[in-house]
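Below are structures written as structure tokens.
Two complexes are shown next, each including chain A; its partner changes from chain B in the first to chain C in the second.
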Partner chain A sequence: MNRFIYLLKRLLLGIPVLLFGLTVTFLVLYLGPIDPVLAILGRDANPAAARQLEIALGIRYSDGSMVPLWIQYKNFLVDMVTFNFGTSWGVARNQPVMDLIIGRLPATLWLGFWSVVIALGFGVPIGLYAGLNSNTWGDYFASFGGIVWRAMPNFWLAVMLAGVLSAGGILSGYRDFLIKTDVIGTPDELQYLFSGIDVFPGIPILEYLWIPIPNLMPMAAAFKWILPAALVLGSASMGNEVRIGRTAVLESLNSEYIDTAKAKGVSTRRIITKHVGRNAVIPLLPVIMGEFYLLIGGSVLVESVFSINGLGNLFLRAAFAADIPVLMSLTFIFIVIQILFNTTQDILYTYIDPRITLADNNE
Partner chain B sequence: MNSTLNDANPDSSTEPVLSVRNLQTVFRTDRELIRAVDGISFDISKGETLGIVGESGSGKSVTARSIMGLVDSPGEILPKSSIKFNGEELTEYTDAEYQQIRGSGIGMVFQDPLKSLNPVYTVGNQIKEALRINRGISGQEATDKAIELLEDVAIPDPARRLKEYPHEFSGGMRQRAVIAMMLACDPDLLICDEPTTALDVTIQAQIIELLQDLQEERDLAILFITHDMGVIAEISDRVNVMYAGEFVEKAPVTELFENPKHPYTEGLLDAIPGTNAEKERLNTIEGDVPTPNEQATYCRFAPRCPKAFEDCEQVHPVHVPISEDGEHSAACLLYPEDRSTEEAVEYHRERGREAEDVPEGDHA
Partner chain C sequence: MENADDLADRESDGLWSRVMTNPTPAARWAAVATVLLLLEFGAFAGGLLTILDAIVMGATALLDVVVGIFAPGLAQSIVDVQLAASTFIEGVRHAAESLPTLLSRDVIPNQGYQTQSGTWNGTFLGLSPAAAWALRLSLVLLYSLFAFYWLYKGWQLFRTHYRKADWTPRDDMVARLQNHSWGKFGIIVLVLFLTMSLFGSTMAPSTVDQNITSSYSHEIQYFSEESGQVETVTVGQANFNSKSKGAGDQNVGVMSYDQYDRFHPFGTLTNGRDLFTYMMGGAQITLMVAGIAIGLASLIAALLALVASYYTGVVDLSILTLADGVVSIPQLLLLILVSVVFQNHWLSSVLNGGLLLALIFGLTTWPFLWRSLRGPALQVAEEEWVDAAKSFGQRPTTTMRKHMLPYVLGYLLIYASMSVGGIIIGMASLSFLGNGLGITPPTPAWGRVISLGQPYVSTQSWHISLIPGVMIVILVTGANALGDGIRDAIDPESEGDSEEEAAAAGGGA
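Right, the complex of A and B next:
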């Protein structure tokens, strides 16, 4: 079986997962205590307007009878898979949910990107270092640091960091360091990160193609602004990567195949880069890919503490406002991204670990 | 002093490939010093197979790892030890120098073929790595050579097998592949640390036969370590019986089986299934190998020895020649046989004292 068919198969297997996720979300929201009419029109709605709204929302037929739940469920599924997300009820009344999500996306992407880069860039090398120098003071320091990062809860670290960095905090000098930025709120510079160069100006359709050119100053400022929040968001992953990285390297180093490699005269450097390296990546991969789980949950928290206007914040506010279309659409998107991540992980595995076969069964 | 059996065989005019003198490998723990290998000496010449046999925990594998320079902290080789390979003193080697010797000088086949190949690289990749590092062969030439090597170790369809991963090989095949990989290094000495233990009996026989053929072709020196007396009988020319870090008896293989002298060797031979068919139950040696954590001032086998007497707890036995040519010796207070027990004990006591004065390896 080749990799393309394998990929298709994994994606097909994602469909039941998606369906299950959507069903659970649907049940939680529709069987829960949320009354859409109450959420939209408030307590003193006039009955005629309420009836009108119920019909518009698709929970009552125009003859006055209720739409059965399973029809609502079917309509909901069709809306989701056709990306017909509808309009917001509460967070931004009457605004298309799609526009809302696209508008909040850059802040979350910027935050998520840096939290992953920081966690990976520090966590993995430190973990590998600790494993290669096990039971030295450097290892103790790194491992202890890993446990501390892992143990500090997001919500606590976020509040602490926001506190010491904002005006009056002991580290408030950070805000004036190099570039003057804030640390709370959404960086304004996000809109100016790239300037575009039109490739085919004036030609229909193709005029929308443009080459992004990074603008360094706004980028630096936006990075500095988001850094504390990204650090908090990536903290647990970083700790995990240190610990798993260390264990993975140690386990590989103590394997018999390392002795065999030494016995045939392979240099220490090559043993580490070739023989240990690839084996150590195998247990690290799910930890790295699993960061996404943490990012979704973490971004809700971190974005609200740092008042960043991103998807996490939107999700939280939609939940408080009983804004079902926004909640549904975001959940749908999160599930889809999660399935894509898992599939990517499975595909990557087949490259790293040959023992994972593409076939259904080993005949 | 030519009665000391550590001396090279007087008949062989050639310099031994490997010459180990008074090898002491110890492990330091917080509580004690464990003498895993305690003052052993032996030689191996070209084309010869030396077997080291003993129970689990007797120090066989540590001996092999000491020679390969693979003893990791907290283990260390004590300074008076000497490991000479082709005249070079390996104990003084740095890590980088040792890398040069490993592979092209001394190769090693490990116990568990399921674990001794790297699971994420193809067998071909690992063989070609050995070829490139030790012989500078790469590219198509390396592929051809690797195919040839797999053919040598009787792996069918080698060109296809080269592209497969270790998990696609059976246990016996993997051990063949490991052997092929070690042969790719073209070593003078091959250390086999229980290479057949993890394999079933028919595969065992095939691997032993393979090693014998390869030895004949290449004039390899082989150090073969096992706890299996049957395997030892098949493959070795000479056998050293190891117990608690020391050699208790050394003999040519047929001599050892026909005329064992040390009570421990006798016990081992008695414990082979099938040799005492008339008996209902198999003989065993009661107890376990003790952990040698102090200097040997007594016989370490005494607590389990059916023939032990009082002096065994007081006097450390030295090797006593059994045969005229000095090929067979045993370290036991019961010998020399022609003397009374008191005389024999006195002989061991005196020789023990002399050995302390004269540095090992300096026998006349």
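Right, the complex of A and C next:
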């Protein structure tokens, strides 16, 4: 089977998944006891205003009869798929949800990016080291550390780290180290990470194209600011990477092709990079891709402890404010990203491990 | 005909008759077991009835929600039946819990006051409260470890004296687990936490009821330095004056006494409550919710894994899509959504909100278990004996139960003990976020204490956030260690972790 057709098939399989996720969210929010009018207007709403609102929200027809649930459902699906997210009810009254999300996106992306990079940068090498030196004290230390590191709840780790980094804590010196930054809150530098060079000024549509130039000082400051939060957010993945990386190395070290390579006189360095490394990546791939899943849940907690104004925080505040449009849109976006990640993972598999055929990869 | 009779004869030759032919070892074992059970009957019955209550509530609640969509009137009558059943069980439970137990607080009291001469009044044998508490704690721990050992001993006895088969593959697994110190660490951790949830009120220096939920309806006596005599104060008032708030003299730290001569092994909270008592109460609700959730998830996962691997094809694909759909909504987000939506629903009052959490965790955790089970299930479905059973005309359900389930069960144990950590962490996260999420206050919840202590992490009241977190880490590590141990026992060839385990263990919080 051709890769393109395979990709198409995978994406088609994503449709029922998306539909299921959206339906569950719809059922929870619309059939549950949240009353939108109560959520928007408060308890002492004027009946006429309430009626107006119900019509505007698409719950009631202008002749006063209720809109059947399945029509609401259909409208909801169409709105979601056409990215018509509506306006917020509670978090930022009457502000378009799209603007809210785009406004919060940079903080979450910055945090998520570094949490993945840090987890990979430490987790994989430590795992490979533990596997290559199995049953030494270094291995025991790394493996045990990985297990405990993974068992630590994100929010607790965040509380502890934020505590010792804050004023009066053992590590409070961190904030004045090299560049003066805070660790709680959203770094202002996020807005100045890149400066743009317009490529086609004045030309319609093309004027939106610009070349990003990284600004090093704000980047360094924003990195230092976000580092503790990213370390916490990546903790579970890092523990997983250590454990799985170790096993993968052990398994490929015991395989016959390694013996063959050794017999042929291939250098140790080459064996490790070419044979062990490549085969160790296969079981690591789903763990790395799975980090995304951990990130979304984790970001709600970590952003809340470190007061970072990102998507996770937005979701939490929207949940407390019963802000259905924001909740719906965020869930929709998360589901779409999740499906795209899963598909990417399957496609990547076929490149890394040619033994995995395209035909029987529905597993 | 003769043959069939013979078979029937052997079948009727049950465990009972085997015990009857050689009763001495069984009688000896049963005598000790009876003494052990009688000593703490009240606590065991109480624990069992609480779980029974939750199951009744859970089953009827599901029924109620489903029926409620079609016929609200019928749903109401289900609620009535449920209420009656629950009240009855509650009554029996209270009766059971008031039964005297040997290792109870009344036998070894640790609350008293120190007179001017330095002697203690009201404590066990005049010991200091710390010593009395430590004595009671160690006795309870000894009791529970011994009871656990005795259960294991019972199985060994059964194996040597009464089992039909001399050897089963399971014996080797147990033997391998015995030599697996990491796995044994997991078992001990689990036994310890189970003990905390069953006997927490005896192990703690105070009870949840006295110290936390209704502190103003209990009184204690203390020796006042000012007036020079013994005075009485409500626990609530005493708590108010024993807060741990970081600055100045407002701190009752680890292993210290407060001004009312009460001993606090883990210090006090920001509102003066005893952290150790709080942790014991939290252990009970945590293990109960995690247990119900993982039980539900395992049930669904095993069922679907068997069905999917037996029928394969479209059935498999649709279950796959369903699992992907459930997983596509990030678990913590779904939990937050459902908790917020059901905040004022009666379902959120059962087990102080624990039942709702358990249901959501169960209904969202099964895809991870299922994914991990699917491989082994597909493998066993291709075995010759399954094929033979099929062509022999055995009913599919019987084939799955008798020929496939035993193989899958071991893997289920591995992945279930690895996923339970994620559930425990997820629960704590929700209680940490608060605002109506997680377990309803004032019922103790580990996550909530961490949130209480958040402003005091770098002060002298560091114990408030640190200790609950460390307890969670120990419990989760223990559960993972048990999973590792079972895996190595079942499949000694396997070399460490696989991606399935990461999928099962991934908590996301």
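One rule holds for everything that comes next: the second predicted complex is superposed on the first by the 356 of 363 C-alpha atoms of A that agree within 3 Å, B and C clash if a C-alpha of one lies under 4 Å from a C-alpha of the other, contacts with A are read in each partner's own complex, and residues count from 1 in each chain.
Note that a contact is a pair of C-beta atoms (placed from the backbone, for glycine too) under 8 Å apart; a residue touches a chain by one contact, two chains touch by 3 or more.
Here the structure is a predicted model, which is why all the values come from computation and not from measurement.
When both complexes are overlaid on chain A, chain B and chain C end up sitting side by side without clashing.
In the superposed pair of complexes, A:152 makes contact with chain C only, with no contact to chain B. Touch criterion not met for A:209: it reaches neither chain B nor chain C. Looking at the shared chain after the overlay, A:117 reaches neither chain B nor chain C. Of the two partner chains placed around the shared chain by superposition, chain B is the only one that A:255 touches, whereas chain C remains out of contact.
With both structures placed on the common chain, the touch criterion links A:278 to chain B but leaves chain C unconnected.
For chain A, the partner touching the most residues, choosing from chain B and chain C, is C. In the superposed model, A:267 makes contact with chain B only, not with chain C.
Of the two partner chains placed by the overlay, neither chain B nor chain C lies in contact with A:197. After superposing the two complexes on their shared chain, the closest approach between C-alpha atoms of chain B and chain C is 15 Å. When the two complexes are superposed on chain A, none of the residues of chain A touches both chain B and chain C. Here chain A touches chain C in the complex through residues 13, 16-21, 24-25, 28-29, 32-34, 147-148, 150-157, 159-160, 162-164, 166-170, 172, 236, 240, 243-244, 246-247, 250-251, 254, 283, 286-287, 290, 293-294, 296-298, 300-301, 304-305, 315-316, 319-320, 322, 327, 330-331, 334-335, 338-339, 342, 362-363, going by the rule given at the top. By the touch criterion given at the top, residues 68, 70, 95, 99-104, 106-108, 110-112, 115-122, 129-130, 133-134, 165, 167, 178, 181-182, 184-185 of chain B touch chain A in their complex.
The part of chain C that touches chain A in the complex is made up of residues 317, 320-322, 324-334, 336-338, 340-342, 344-345, 374, 421, 425, 428-429, 432-433, 435, 447, 450-451, 453-454, 456-459, 462, 465-466, 468-469, 472-473, 476-477, 480-481, 495-499, 502-503, 505-509. Residues 255-257, 259-268, 274-275, 278-279, 282, 352-355 of chain A are the ones that touch chain B when the two sit in their complex.
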